[in-house]
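Each of the next two complexes has subunit A plus one other chain: subunit B in the first, subunit C in the second.
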Partner chain A sequence: MSRAPLVLKVALLAGLGAFLVAPDAFAPLFRPFAPGDSPPIYAQTPLLRLAVNHIVLVAAATLAAGLLAVGFAIAATRPAGRDLLPFARAVANLGQTFPPVAVLALAVPVVGFGTVPTLIALVLYGLLPIFETALTGLGGLDPALLEAARGMGLTGRQRLVQVELPLALPMILSGIRVSAVIGLATATLGSTVAASTLGEVIVSGLLTGNTAYVLQGGLTVAAMAILVDAGFLALQRKATRRAGFRS
Partner chain B sequence: MGETTATLERPGARRLGAIRPGLDPLGSVFAALIGLSLLTLPLMTARPNRIAAGESLMAWSALPPGRVLALGVVLGLAAPLLVLRIGPRLRVVAAGGALVILCLAAGWAADHLTLPGDRYGRVSPDAGWWLGFATAALALGDGLARLSPGPGIRIALLAGSAVLSGLALRSGFWDHLSILREYASRSDTFGREVRTHAGLALSSVAAAAAVAIPASILARPVPAARTALLSILNGVQTIPSMALFGMLIAPLGWIGRTVPGAADLGIAGIGAAPAFVALFAYALLPVAAATVAGLDAVPEPVRDAARGVGMTGRQCLLQVELPLARPAILTGIRIVLVQNIGLAVIAGLVGGGGLGVFVFQGISQNAGDLVLLGALPTVAMAGAAAILLDAVIDLGRGPERRR
Partner chain C sequence: MIDLAHVSRSFGARTVVDDVSLRVEAGAILTVVGTSGSGKTTLLRMINRLVEPSAGTVRIAGRDVRSVPPHLLRQGIGYAIQGHGLFPHRTVAENVGVVPRLLGWDRRRIAARVDELLGLFRLDPALYRDRLPAALSGGEQQRIGVARALAAEPPILLMDEPFGALDPIIRGRAREDLLAIQRRFGTTIVLVTHDMDEALRLGDRVAVMDAGRLVQEASPAALIGAPASAFVGALLGGGDRAFQLMSLRVVDDLVEPGAAPGTPIPAGTSVRAALAESLWSRRAALPVSRDGVILGRVTRAALEAQGAGP
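Now for the complex of A and B:
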């Protein structure tokens, strides 16, 4: 699937940056959506700080989910782990049937309000896409290729690091991309349990009936998601070329 | 190591009761977790009223002595069985036994810890109970997965467990548990919110399928239209759900006020309309992408053959391409239905009703059991939808092509 050209993305990035650094300059744009005299730009917390929190939270969760999921996928594709494969797949699938709000709400009585329940929900949600793609990437390699690597005298660990992982990297990256994009949207829900993310702006808008806030929060997250998606797609293409596939 | 035992395995060794030497790695983890949860974590929490701080009780102080013994004996039998390399049926029996005794223990503890006539005291499961329950459920799922039952049996099992849990809840056995006390004070609205929730999820998916499938059939052969369709829907997907629900309030409110007759159809800024539109919008991309992928996967020789026997484009589509793409399309619908059952919780935040009402009331009142009253039925609904649709997809594949 071809995506929008580079120029549009650079423009989007510039617009997003300008909005986060100087949101007040955009006040006239949001004025029509704010009811009565209420302020058109969210000011309780600087938008830039919320955006940074948001990104850091999602990055940490995606990193953790990526390490766990790739680890599981490696374990499940070794000879000793084959028995665990159907079970691991079932658990990952089950995790996805849990609604994100439910995960958040259920984590609160156990770990309290704030960032921790959000992080837990994000990691759980990020696992499945990465696990599935890592499994496809590692499990779908040509057996002849692995045989050749063995014939060259590579040990199991060398085969994994020098042959299997580089070849599976494009697939793994596509899983991380999906996971990060889902995470960016899910992190907004964290604000219902008092995590400091851009969801705060949306929740505040919903509670006060101020559509301008809802739009600000929603569009900022959407712009970040589009940019992250584009960034990972570029990485994925690079990895595909390095792995020697036709891109 | 797994390979040597596999070659030594006698035919029929997987029958009920057959035990092979060695330990089952996954089962050992389950057994360890069950033991850990019972011995080191509190089983129940008792609170004098709904929001007071609770007192965590270990199994032996939460239950009368005889019942502690029953719990210990059943779990003490089930856990070691899971460690051994037993057949899948025995595994299902052991895990199921652990699950049932934990459910019974919750009811016993609630009766034991509630003073006669006390209507404010709250008893709810604590960390140990939840960990034990989740582990037993995973072990049961693992046992069932190893049995790999056919789709018909899976549907029967699902229906059976739904009926059994319904009857058990009606029996009043758990009525002293906190979550059922929350239910008792909301029994008049609970049924309505469940219906609203299911209705929102089902109708939005049905509407999305009715729009996205024809749209992707039409757009797929034209590269420009296909790219445009998928990119636009992809863009919708990046808007966070809470924001999309919120953004729709203003325009739908405006339509409801200005377009004659719209308000009579239920189109308004507050209520179910924004929730329905948002869920519908989220459901479009997965269904469209699955339809396009399913049709793309139809082999070209099959199309040639269809044309060769003189089928028109329309006949080829209806009689050849769509039936071949059906499993892929159904998989897309399954993903979207499960996703929308979860997302419909957010409707509670914008006045759209559904089980989210309880979840967000619970969060704002800091009442964990009220959150559970909204969250548990949602999880059950999503899980049941996933099992049911997976079974339907398998049924459609026919016996020879099943996984």
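Now for the complex of A and C:
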């Protein structure tokens, strides 16, 4: 990684942190976007709390999607699981093609308002990228390698844990990265069903015609997405080197 | 040591290995040779249960291999394949230590064994231990592959075209290494190859496969002297049987007392190489030495007689 982008990312992280901890210090910046004498900084709920809720929600959803998707991909690449492959693909595809808003609308009557329908939408939405990359990673390994592992007496579980997963990890991480970034953006929709996310700031801005709120919510989500993306890219590079591939 | 009794294997309607019975003595090298698709790999893989026979029994040291869980069976049998199958995410030392770790050896014993094996394969442990496979040449990867197969001191080593991907010079060296290590550990080896010269050079016994059937099993000299069928004759290459025989034998037994001119040849030289030297240097007899001591001489006539058929 070159130096300049790293410096920029550190600066971005510092800026984001400062804004969330002391948003009022940034009031002059947002003043021009707030109509009349309405407040320039969203204050109904502390921004820091909303940001933390937002991140925790996305992290939980990505973790759940990751476990499910990697589990499906493992099952689909076992000899006994070949029959499962079309089914698993169908589930993951369905999650992706269904608009998240529609998932929310369908989930609310069943599970009520709040965090749970948002979580369901995020998990369904995050499945496909991870499933696809995990399948590529696990299914694309050199057959001679797995053959050698079997010939040396590694059991199926040992082959999976010691050989297949470490070698597929860079691919799996790339799927998780995409999934997490999509999730950060999608989670803003959760506030329409009363989940506490940064979407609350944006929606409030739209309802009251306060562009400053829209900018605050949007920029905070964008900054988090850039940082999460960068973090996972770094992890992915490390895993690639660890997997013995020249990066 | 290894007994195959009427072993067959079919895939669908195709019989790929057809009623093969074979015996490999402890400490011997059996080479299995045949054209591509003749069932050599399938035969080999039935010994460590990577493939299960459709019929027949495989026994190791008198015990039916089906009485041992496959992964435990395989941990006790070395397995080396073409293209080595090294784990790309593990260092050389970790790769070599895979089976000892499965067997629960302690760290110190594994480390000592890794260094010993690297030394035997002429790879400086300090230099190679911590490298990843991607940082090795093809010949080095192949040697590590064989070292890994031998790591847990298995009494049996199965090899499937282990030298197939190497250039001729490296291949020759790899064969010599294998023979030296086999003599040292007394490992029983079954080695599959499509190269008849390799089969003759390495095997104490040679098994010839054709379309799933075992067509001949004999010592290299017997195979050359009396090929069982036209197919075996064709695999042998037909024309230069005399020289094939001569390359199997060494001059040591032909040494007689007396003097001869010129530079001595070392004991252990093949009859074929000695005859070539005799012709090239226009000497009717060559002195033979071991460790700098002259043992006697070998005459061209004695060398030539080794090329005669039965």
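One rule holds for everything that comes next: the second predicted complex is superposed on the first by the 243 of 247 C-alpha atoms of A that agree within 3 Å, B and C clash if a C-alpha of one lies under 4 Å from a C-alpha of the other, contacts with A are read in each partner's own complex, and residues count from 1 in each chain.
Keep in mind that, in the parts below, a residue touches a chain if its C-beta (ideal position, glycine included) is under 8 Å from a C-beta of that chain, and two chains touch if they have at least 3 such contacts.
Remember, it's a predicted structure, so these values are computed and weren't measured experimentally.
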| item | value |
| --- | --- |
| Subunit A as common anchor, with subunit B and subunit C clashing or fitting | fit |
| Touched partner set for A:205, first subunit B, second subunit C, both or neither | first |
| Partner with the higher number of touched subunit A residues, subunit C or subunit B | B |
| Subunit C, subunit A and subunit B - angle at the middle CA centre, rounded to the nearest 10 degrees | 100 |
| A:166 touches, of subunit B and subunit C: first, second, both or neither? | second |
| Which superposed partner A:226 touches (first subunit B, second subunit C, both, neither) | first |
| Least Cα gap, in Å, left between subunit B and subunit C after the two complexes are fitted on chain A | 6 |
| Subunit A - residues contacting subunit B, complex | 1-4, 33, 79-80, 82-84, 86-87, 90-91, 93-94, 96-102, 105-106, 108-110, 181, 184-186, 188-189, 192-193, 199, 202-203, 205-206, 209, 211, 214-215, 217-219, 221-222, 225-226, 229 |
| For the subunit A and subunit C complex, residues of the former touching the latter | 142, 144-145, 147-155, 158, 162-163, 166-167, 242-246 |
| Subunit C - residues contacting subunit A, complex | 48, 50, 70-76, 79, 81-90, 98-99, 102, 132-134, 145, 148-149, 158 |
| Complex contact set, residues of subunit B against subunit A | 1-3, 25-26, 127, 138, 141-142, 145-146, 227, 230-231, 235, 237-247, 249-250, 338, 341-343, 345-346, 349-350, 356, 359-360, 362-363, 368, 371-372, 374-375, 378-379, 382-383, 386 |
